[in-house]
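Right after this note come the structures.
Look for chain A in each of the two complexes below; its partner is chain B in the first and chain C in the second.
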Partner chain A sequence: MAASALKVVRSWSGLAPGVTFAVWSIPRQTQVRWSRYSPEFRDPLTDKEHYRKPVAGLTEEEKYEKELKKTQLIKAAPTTTTCSVFADPVISKFTNMMMKGGNKILARSLITQTLEAVKRKQFEKHRTASAEEQAIIERNPYIIFHQALKNCEPVIGLVPILRGGHFYQVPVPLADQRRRFLAMKWMITECREHKHRRILMPEKLSHELLQAFHNQGPVIKRKQEMHKMAEANRALAHYRWW
Partner chain B sequence: MAAPCASLGAVVSCRLFLGSRVILARSKGPWGASAAGLQAGAAPQLSRLIRTTVVTTKKNVPASRHEPYTEDFIKKQVEEFNIGKRHLANMMGEDPETFTQEDVDRAITYLFPSGLFEKRARPVMKHPEQIFPRQRAMQWGEDGRPFHFLFYTGKQAYYSLMHDIYGKILQAESRESQLPPKNLLPANTEVIDLIGSRWLIKEELEEMLVEKLSDQDYVQFIRLLEKLLRSACGPGEQELVRRFRRSVAARSQQQQIPPVQHDAQGAPFSIGQGRRKTAQAEAVVTAQGSGRIQVNGEDYLHYFPVLQDREQLMFPFHFLDRLGKHDVTCTVSGGGRSAQAGALRLAMARALCSFISKDEVEWMRQAGWTRSGLRRMRMCPPAWSRIQSSGIGTALSTAQPLPGMQHQLCLL
Partner chain C sequence: MGTQAPQSIDVQPDNQVPVERPRTISRTNETDPAQHGEQHEGQHYSVPLQDLKTVFPHGLPPRFVMQVKTFGEACLMVRKPALELLHYLKNTNFAYPAVRYVLYGERGTGKTLSLCHAIHFCAKHGWLILHIPDAHLWVKNCRELLQSTYNKQRFDQPLEASTWLKNFKITNEHFLSQIKVQEKYIWNKRESTEKGSPLGEVVEQGITRVKNATDAVGIVLKELKRQSSSGLFHLLVAVDGVNALWGRTTLKREDKSPIAPEELALIYNLRKMMWNDWHGGAIVLTLSQTGSLFKRSKAYLPHELLGKEGFDALDPFVPILVSNYNLKEFESCIHYYLENSWLQHEKAPTEEGKKELLFLSNANPAQLERLCAYL
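For the complex of A and B:
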């Protein structure tokens, strides 16, 4: 037995009823679609601070998890993961959604130029503003990006449900991941479709992001239209069965 | 008239003959031993015949009987195996006393080299316990009465095991209710290594009980054992639980760490190899350096103009806080830009493993740096969607690749 043994103390089940007694080491039957890894492989964790934590500061559960991980098989880290301080999962996701035909270099350069444009615009505003306004103006492009996308996330969505031969748009609560996806999708679609062909993408995108940051602009309007439609169709809410 | 009668008679007699043969054959079946025992006049326990069930998968073929493996037969096979092992040791010029099964396997592959792709078809010399399948002993006596009280459940070994475990749970619960509530820590807590061991898998359990089980049976069994573990466990119960656990080695021990070598000046370095898609890379990492990376003779800044690739090269060092402390000289070939970067990342991570502590090696493994990814190109026709939308009538009559089929990265 390589790992240090754990005592099966009766007080465990008494002390922490919320702690899952993770003796169940049958490989979890997760839905793995088209993966070359078998189901017992776990996802890698690339956060280096997590491993540098001192052993004394860990709770019982964390210690157990740590020992358990030593016996588990781990997948390889993907090529886009990094433990760099500049890496942002939201920006990576947005870059991938912007990408066309696998041209990651172009997508990434567009995003970098967008963030630079946002920063420049904010610095210009900051320079020409009075002292009270200067305290309010946000100049960090990453914060603006995150806040803008958060403002664009819808709270409730519409789903077409077939009933009696007709499709009805039924209001439905959305999962977190779906909301983030919709916000990014709307932003990208808006910037691609409603811009003049001579305007470059970074310029348009930075403009839209700044508008969304202040809860204005076409993307926010689209979100509010979705909310209004959901409100209008609230009589159909009982069509939902989940 | 006579001829048809004769032929009819022949047919009838033939049928009778067949029937009699079948009846005779059947008499050798479950009740056969009892009949034999009655005839022999001996109690069935003295001549315990170990029988297998007859399985016929082909039609129009008479049921091929399995040879009954008597205990004497198995004993003889074991003796022959042991003698054969000693002969083999003599042939190979090794000491017969310390000739293990691995040595036997090696000797057989040496003496009987086989090019067969199917490993199970190659010559093998193993202990008879591994070759002859374990069979259930006779389960009923000469009067036809079964020995075990759970025989009519169909899975007597499984249900009797569940019965025993449940009995132990009830005992443990009654013991717990008798103990005073403040006594949380029992006097002697035995230690079960829950992390370094795993439960038996279904196949292992079936092998142990010599009975076929369903998935639900197996799940119920594991649930019952976990319930036993959760209740107050005495040494007896833990012994029972240990029978159903198998040890699991820590994964970090299975990793191959490249050895540290020394160059002409005595400076230590190590070589790591990595692959990603079709790219192959080799990295020579020196223990002392200033962070220079040379790829195929060029500086890495020129070889990888894209930032993402350079970030990949940087990662193993950044993860271990060793940026700028090692010099790397690498060669890479094949694949595209991203694949080469990934292969180099793997090669450097593996080479770095020789300079770091065991804990850090384990961190690298858990972060996924030391394993090559499995994503590969796959033929994925985009024309599928066109065919499906055009209706059921357009069935695929040809098995050839459709025009416009592209290689796409379809797998995760």
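For the complex of A and C:
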């Protein structure tokens, strides 16, 4: 029943392209995305410390697990898994979103140059600042990056819902994942589109990140506009059924 | 102020004396390169910013210039190849022909900065510094190539020559009035430099009349070579990327035929400088694959980069190998970055972080610097 409902919904896609379907959250039993692995494959365990434990120090349970794994099929670990202490999941996700055409090397180099640019700018500010200001200025590019993206996350979003032949923009609470995605998406779109063609991406991105860190700038403005629109369409909130 | 204690202190096993933990010391207060010895190995010494502007108007690697701007100080690490070179320079016999020292090594190991260390030493001791920051810039990407006024077969490069003359003037201001030209040079119908006038006039002529800049450079080189034997001054010829002089160029004539390096007047005159038929100074050279043309990226040995012609021209020379950091130098570098709060990542000062940096950079100074830039 759920599958037939979803099939009907999917046929509506001919009507309005680019519309995000609020109706995905009808009973979440059907798997939309599938995997080449059959169900008996287990996920890989990529923990260095786990494999470094000496054989003598293992408990009975762990020994049993180890023997069991020898007979089971295990999926391949994705190429992006690292045991690096400097690996950051937020930075990895951002790099993947920046990537075009599979050119991860270029995306990663842009991000590292951005972090370096942020650091150098902050160091300049720190050098010319007085003693009290020096304590406040944040020089860690990772903290600035995380805080800037957190500041850009919208709290409430708009979703088009079909009622009586018209699509209404209904305010809806967003999931954490969706908020993080929107913050990163807005940041990247802003830096790609609203810059002079001679300005390089790391320069523009570092500038926008620093502005967002201080709750200023175009990306924060976009988030606030989203909030204002949601506030304006408050009356339509009852169209939401979840 | 004396130097600080060396890294590992040998303490006699004595129950009363507490064992001192070996502290990583990355800095030394010794600013005079002449006093640098083996006890300063691995430590950073700072070059005063005023000296930096006069001695190195050009010649420092661009990433190092960015680092100087960010930290507000210029700190060079004292390393074995540089110490070896300084030892040879201290014991030069000015009566013998100039010895050629060639710094070679893989990419990013610190050849240019070792050269800068030697130049700082010579500048402090009042030598005349003839520093060509990158010979590769003279054999590629030249916008204006004029037929030479002096010799119809050769080509002039006015832009490169005039920028070099400007920087040469900044470095050796005080020598330009002391050294007198020993010949009359006629520039054109109206201008000429009389015999006995200071070298500064030739340099001024080259800077103001850009068309004659290449010839001015040639004259400066000729006069300095002739007069270095007189004993008025010691001459240091420092060329970075000397393999450009004997390689190929990417420059072409109007009919698209390639130009050989000896057809460029700047290169021709510089090659004459490399001969050891003069005395009263030293020649310090660096091989560089990074800016070179038509060379494999992994090439670093003198024979590979210089080719047969270059090797025969420079033979005999003293080769000095510059290699990656050893563990002590690596620790010192990390400690220097931590002191300046350059490594902001919270995992960077930990043992695992350092092990990972060592693995990723393979103790190569350039790679380490690039890694630490974004951490």
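Just so it is clear, the second predicted complex is superposed on the first by the 175 of 242 C-alpha atoms of A that agree within 3 Å, B and C clash if a C-alpha of one lies under 4 Å from a C-alpha of the other, contacts with A are read in each partner's own complex, and residues count from 1 in each chain.
Going forward, a residue touches a chain if its C-beta (ideal position, glycine included) is under 8 Å from a C-beta of that chain, and two chains touch if they have at least 3 such contacts.
As the structure is a computational prediction, the values presented were derived from the model and not from experiment.
Participant: Looking at the overlay, what does A:K104 touch: chain B (first), chain C (second), both, or neither?
Facilitator: After superposing on A, A:K104 lies in contact with chain B but is clear of chain C.
Participant: Is A:Q216 touching anything from chain B or chain C once the two structures are fitted on A? First, second, both or neither.
Facilitator: neither
Participant: Of the partners chain B and chain C, which touch A:S84 in the superposed model: first, second, both, neither?
Facilitator: Touch partners of A:S84: chain B and chain C.
Participant: After lining up the shared chain so the two structures overlap, which partner does A:Y51 touch, if you call chain B first and chain C second: first, second, both or neither?
Facilitator: Only chain B is touched by A:Y51; chain C is not.
Participant: Of the two partners chain B and chain C, which one touches more residues belonging to chain A?
Facilitator: Per-residue touch count on chain A favours B.
Participant: Which partner does A:E124 contact after superposing on A: first (chain B), second (chain C), both, neither?
Facilitator: Second partner only.
Participant: Please work out whether A:L115 is in contact with chain B alone, chain C alone, both, or neither, and reply first, second, both or neither.
Facilitator: A:L115 sits against chain C, while chain B stays out of touch.
Participant: Mind working out whether A:I74 is in touch with chain B, chain C, both or neither, as first, second, both or neither?
Facilitator: first
Participant: So which bits of chain A does chain B touch that chain C touches too?
Facilitator: Touching chain B in the first complex and chain C in the second, residues 84 of chain A appear in both lists.
Participant: Please name which positions on chain C make contact with chain A in the complex.
Facilitator: For chain C paired with chain A, touching residues are 66, 70-72, 341, 344-348, 350, 352-353, 356, 373-375.
Participant: In the complex, go through chain B and note every residue touching chain A.
Facilitator: So the residues of chain B touching chain A come out as 176, 184-186, 189-199, 222, 226, 229-230, 232-233, 238, 247-253, 306-308, 311-312, 314-315, 318-319, 321, 338, 341-342, 346, 362-363, 365-369, 371-376, 410-412.
Participant: In the complex, go through chain A and note every residue touching chain B.
Facilitator: That would be residues 1-3, 5-11, 13-14, 21, 23-26, 33-37, 44-46, 48, 51, 64, 67-84, 104-105, 108 of chain A.
Participant: Using the touch definition up top, name the residues of chain A that touch chain C in the complex.
Facilitator: Counting only chain A, the residues touching chain C are 84-86, 112-113, 115-116, 119-120, 123-124, 127, 139-142.
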